[in-house]
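What follows is a single structure, written as structure tokens, with notes after it.
In this document, chain identifiers A, B, C and D correspond to the written order of the chains, with residue numbering beginning at 1 in each.
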Amino acid sequence: MEHTFDIQIYYEDTDVSGVVYHANYLKYFERAREHIIGGAKLAELLKEQGVGFVVYKCSMSFKEGAELGDIIQIRTIVHRESDYRAVFDQRAYRGDKLLVDGEVELVCVDGDRKVVPLPDF
Amino acid sequence: MEHTFDIQIYYEDTDVSGVVYHANYLKYFERAREHIIGGAKLAELLKEQGVGFVVYKCSMSFKEGAELGDIIQIRTIVHRESDYRAVFDQRAYRGDKLLVDGEVELVCVDGDRKVVPLPDF
Amino acid sequence: MEHTFDIQIYYEDTDVSGVVYHANYLKYFERAREHIIGGAKLAELLKEQGVGFVVYKCSMSFKEGAELGDIIQIRTIVHRESDYRAVFDQRAYRGDKLLVDGEVELVCVDGDRKVVPLPDF
Amino acid sequence: MEHTFDIQIYYEDTDVSGVVYHANYLKYFERAREHIIGGAKLAELLKEQGVGFVVYKCSMSFKEGAELGDIIQIRTIVHRESDYRAVFDQRAYRGDKLLVDGEVELVCVDGDRKVVPLPDF
């Protein structure tokens, strides 16, 4: 089951080299995860239970840079590795062209930054 | 003629105070302007003619902060003040609630940073 | 009494137009204000009293763009307009060249987002 | 030979969870690399030869989050793996406490995005 999410590249996303600043892909991957889990649910978890998702590990390899005006697609496959840990395979594409290949591992922590079981999503 | 554009508030948009970091509203306003002018057109202008839009002046007043999970709406009205200058009245709303009231003045510059007439949009 | 604070322009600060992305100057102004008030003091206010500084109004006019590798200087003069409101005149310079001329008005709010008197700084 | 570089954590760096937004550590690592290579040199390479450093691969593991007001230290060790590729071991510390452990691989590309030999640094 692959989740897809489109993002338009704005001026803010680029740098003087002419392409998207590398760190921004972590933001795009996170936006996609928020849509998978649900923005309202994330807000409720944080406000009512003090529980938040935390990135534990991540890696990216960069094939090609997205440019101003591009519409890129974030494609995500989620693996629940255990009750406490989820791995998100996340890739950024422009059309059929792979731009960035990433992997992000998440855990959930409570208000004391202690690991708690992942909620359903 | 009012242009409207919706934006979801992600973790990246917020700060430790719990609401959206103030400078980000300038980004949201700019995203809306890019949709008004057209991302592909902006990219073409920059690549083929070296022409870009430049913010010349801006102001914002802040009424209330958007929060994680909110969907806010950017409402924009454009005034072409002359062949060289456009003023964008831009406001961020959550439902009927005005969050931020802004005004942004733009000019166009060529590759030598000289002011040139605004293209049609 | 003018406060000065130097900032180096990195790749992350620029956009595809070749100069600093306009919204970033609000970040630079805020960094300078945090140095004026004190980072440790800000953190203590927020953690122990739930009190934070909030931008209420801001304006900027842009004269010239800073570029990758530039060291710019933020020059700030603070006016306490009342017990509740402070106005910061903030300008970004590269050498003697004025790049951005800004004004930022701040208030303080408590955990319920109610305005409270400004602390000493 | 370890290079060290201090960074103060501002409001802009944090998110609603109360700690630094994860993607920002890639920015901090990049700032440190720009100081190692030299901001003026980077700007000259880009402007005069169209040559820029590009992140090819990166990974981070997160141990603990930095907070508003913290001064963190980026510690970097560089390995030139070949004439074309450099690996930066980069870690963020608060005092003796390791916060983030990262690795970033760089190559250099010219104006046509072709890989070229790394300059001396």
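In this section, a contact is a pair of C-beta atoms (placed from the backbone, for glycine too) under 8 Å apart; a residue touches a chain by one contact, two chains touch by 3 or more.
Nothing here was measured: the structure is a model prediction, and the numbers come from that model.
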| item | value |
| --- | --- |
| Shared chain contacts [subunit C and subunit D, defined touch] | A, B |
| Centroid distance [mean C-alpha coordinates] between subunit B and subunit A, Å | 25 |
| Rounded Å distance between subunit B and subunit C, as computed from the means of their C-alpha atoms | 20 |
| Subunit A-subunit C separation of Cα centroids, rounded to whole Å | 30 |
| Multi-partner residues of subunit B (at least 2 other chains) | 11-12, 16-17, 23, 27, 30, 46, 67-68 |
| Chain contact graph, described as a line, ring, star, complete graph or other shape | complete |
| Interface residues, subunit D side, partner subunit C - complex | 8-12, 27, 30-31, 34, 39-40, 42-44, 46, 67-71 |
| Contact footprint of subunit B on subunit C as seen in their complex | 16-17, 22-24, 26-27, 30, 46, 52, 54-62, 64-65, 113 |
| Touch list for subunit A against partner subunit C, complex | 11-12, 14-19, 21, 23, 67-68 |
